[in-house]
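Common to both upcoming complexes is chain A, partnered first by chain B, then by chain C.
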Partner chain A sequence: MIEVTGLFKAFDGINILKDVDLKVRPGEVCAIIGPSGSGKTTLLRCLNYLEVPDAGVIRVGDFTLDVQRASGDSRLIRQLRRHTGMVFQQFNLFPHKTALENVTEGLIVVQKMPRAEAAERGMLWLAKMGLEDKASAYPGQLSGGQKQRVAIARAMAMEPEVVLLDEPTSALDPELVGEVLLALKKLAQEGVTMVIVTHELGFAREVANKAVFMDGGAILEEGTPLEVFGSANARIRSFAAKLGHSSKQD
Partner chain B sequence: MTDISSLIYQIVIPEFSRTLFMVFSATAISAAIGFLLAILLTVSHKDGLRPNRYLYHALDTTINIVRSFPFIILIVAIIPLTRAIVGTSIGEKAAIVPLTIAGAPFIARLVEGSLREVDKELIQAAKSFGASNFQIIFRIMIPEAVPSIISGITLAIVAILGCTAMAGAVGAGGLGAVAITYGYANFDNTVMYGTVFFLIILVQVIQSAGNYLYKVLK
Partner chain C sequence: MLASRDWNIVIGSFPVLAEGALVTIYLSLAAMLGAVVLGLVVALMRISKVKFLDRTARVYVSFFRGTPLLVQLLMLYYGLTSFHIVMDPFPAALIGLILHFGAYISEIFRATILSISEGQWEAAWSLGMTRPQVLRRIVLPQATRISIPPLWNCLIDTLKSSSLASVVTVPELTRQVEEQSAGQFVFMPYFITLAAFYWAMVGLMGWVQEWLEKKLEIPGGS
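Up next is the complex of A and B:
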């Protein structure tokens, strides 16, 4: 469960997020869509403080953080981050570590888990991502889709309350997108709570229970994917039409 | 002309061990101080983990000032400090003080560069796990930067070796002193070029060892 209320964020005096409220229930998959510059990535990065919000309250599970009271309290911020997992557009894997070491790094360093136990859990998640045979491969030896699946395993191994995914397929070659979406679909079926910034409207329609359309730093429309994509709002219609058109060309 | 074998056994070998002693003690102490300075610089930099303008500028300026001293002037300028630390300003132990004072800021800059090259995305990934700044520095940034730090330290060892020759000129002993006193001042080209040849081999060995380590760690 993740809930954010009254979230504000400005960069150099320009308001990027204007009073955003969002609630994702346990086991829900929430797709955040919208044109570039609408603030969707900033919203996602504010949820785990990779961007520092200016105001708002973030609640993950039973942990609540009030931005204005927590500012500068690195202990609270670390606690918030331990409740959330993050998957990045560019994978952000450690290049000098094997796939398994990438997955176990956070368990060993942050959660202080014994190495053997961390390796066991790491293998479990690599296997779930269909990568048990790549455990000792380095990121440089993996395809983009495999790298992103290692990154998903890395986020999941920490057993976060919610996984945040920032355009997880945008840096992939078109033929590799499917395997990552399939892996995410499996997680969704297992009841993993996810917030995902994506341009894959087809995936959002199929897997997400909830969709949010952002524009100009605010949420313009939210509901089930069908409701949002079928919205009468002209801004959403033109956006969906453009994406629909380009995805047919792929 | 000097007899080659007695030159080697009586002068070059003892002085060679003095050179090694100076180079490696100065490198070890410089590396320890340099590392600490580099970490402080990286963390306090405006894009660092804990930006602090005042600390960064204080360190940055101090390092630049120390690095502006020509080494031969530095040796003389800090004689009182050297005496206070070692008790004398002559000999290879005394030379370690100026060698360290010149070496530490040099290594600090090299390590700072290596740490700053660590991909910001990796730091973000570590942050997203909830890693503390301490964990990010010691478990992510330094391990990722090790190959590049090794090649920086190799560069520093060779630079410090060059400085020992200058320290030799003002009484520190070592191979540099041999080349100057027995070779240059005695008009004995065999000794001078012979010593230089010895130094060339030493630099080759250091550089190859550094390159090898870099390749293995990469």
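Up next is the complex of A and C:
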């Protein structure tokens, strides 16, 4: 589970996150939605310190980090990151390493796992992502959907408490979105805790147990996806209508 | 002017020239190795968050890139004697070449390190890696690959510039040729031979570069 309270973040004096509280229980899938510039990606990136928050308390599993006390303590920050996995919009696979090496890199270097054991676990996760035959392929030889599934395997192999996903399908060709969403759906069914920033409202409705609508650096509405999408709030209605419209054009 | 008698004299002194060539090769290889190591260290200092390291590196690069190699060699070999530091010719030339080309190479490494996308750092950090681990495992291997062409320019220049070591009396190829040609009163054939020696050595380096680039190529591209 992951819980954040009183999260603040400003860039150049402009408040991006204003006192955000969020709690995601074990096994829950939380979709963060909202218009661009609403702070949803910043919120996600603060959760593993890729952005340094100004204030707040982040709790992942039994690990708690108070931002104001931890700032600059790289050991605490690394500990926080070990409890979280991250999947990026642009995949960010290591191009000089094979799919399997991408997945085992953290196991070997960070967790100091013996190579054979790491390879075994890496193959397990590649297989779960339907990529066992791509283990020795390099990222440049994979399609976008395959790359993102390797990236998910890389995050999952570390066995984090929670996986953070930053618009994981936004950089994909439309015909490749489905295979990534399917992989994520499988993880959700296995009880993996996820926080996902997404524009895929259909996916959010189907897979997420919890939805959060952000606007102007604050959480405007939260609840089940049905509750949030069905909200009477005018901002949310107009946002959902716009997305619904654009997805029909696809 | 280019009589065959002259060429016979040149061919007759090949054993001496070969000795000089060996000194050139030895001096150049040692200088390249030293300059690459120094260049990497200085590049890491330049991207360090510690201000003192960055500033020290800037001053170093500014001086050794900003003054002629010949002047640096003169200072090392002749100049330092004013401070009662007397160096043998070979170490003076070696240190001069390393300091000079280390400055250029540090800028090559700095540029290629900075060219690796922020996303690579972020992905590695997300796995819980430390900064040295990210550098060693993720950033430097990729930066090294793209460094090869500009680095080779610099290494080729190191080899050719080792001829300046002749000024500080290192018995390398150029100095041997100068002495032979002055002694024998034969000029152009010697200098053509000298040029051919360097050209051949640089040609060999080009071959190594191609081999290395192939070896470091990533299947499917990056």
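Rule of thumb we're sticking to: the second predicted complex is superposed on the first by the 250 of 250 C-alpha atoms of A that agree within 3 Å, B and C clash if a C-alpha of one lies under 4 Å from a C-alpha of the other, contacts with A are read in each partner's own complex, and residues count from 1 in each chain.
FYI, contacts are C-beta pairs under 8 Å (C-beta built on N, C-alpha and C of every residue); 3 or more make two chains touch, one makes a residue touch a chain.
Since the structure is predicted, the reported quantities are computational estimates derived from the model, not experimental observations.
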- Task: Once the two structures are overlaid on chain A, check if chain B and chain C clash or fit side by side.
- Result: clash
- Just chain B (first), just chain C (second), both, or neither: which does A:81 touch? both
- Is A:140 in contact with chain B, with chain C, with both, or with neither (first, second, both, neither)? second
- Message: Under the stated touch criterion, which partner chain does A:149 make contact with: chain B (first), chain C (second), both, or neither?
- Response: neither
- Message: Per the contact definition in the header, classify A:106: touching chain B only (first), chain C only (second), both, or neither.
- Response: both
- Query: What is the shared patch of chain A, the residues that chain B and chain C both contact?
  - Reply: 48, 50, 74, 78-79, 81-82, 84-86, 88, 90, 92-96, 105-106, 109-110, 154-155, 158
- Note on the structure: chain C residues touching chain A in their complex are 117, 119-120, 122-131, 133, 137-138, 141-142, 145, 218-222
- Touching chain C in the complex: which residues of chain A? 48, 50, 74, 78-79, 81-82, 84-86, 88, 90, 92-96, 105-106, 109-110, 137-142, 151, 154-155, 158
- Message: Could you list, by residue number, the parts of chain A that touch chain B in their complex?
- Response: 48, 50, 74, 78-82, 84-86, 88, 90, 92-96, 105-106, 109-110, 154-155, 158
- Query: Once bound in the complex, which stretches of chain B touch chain A?
  - Reply: 119, 121-122, 124-133, 135, 139-140, 143-144
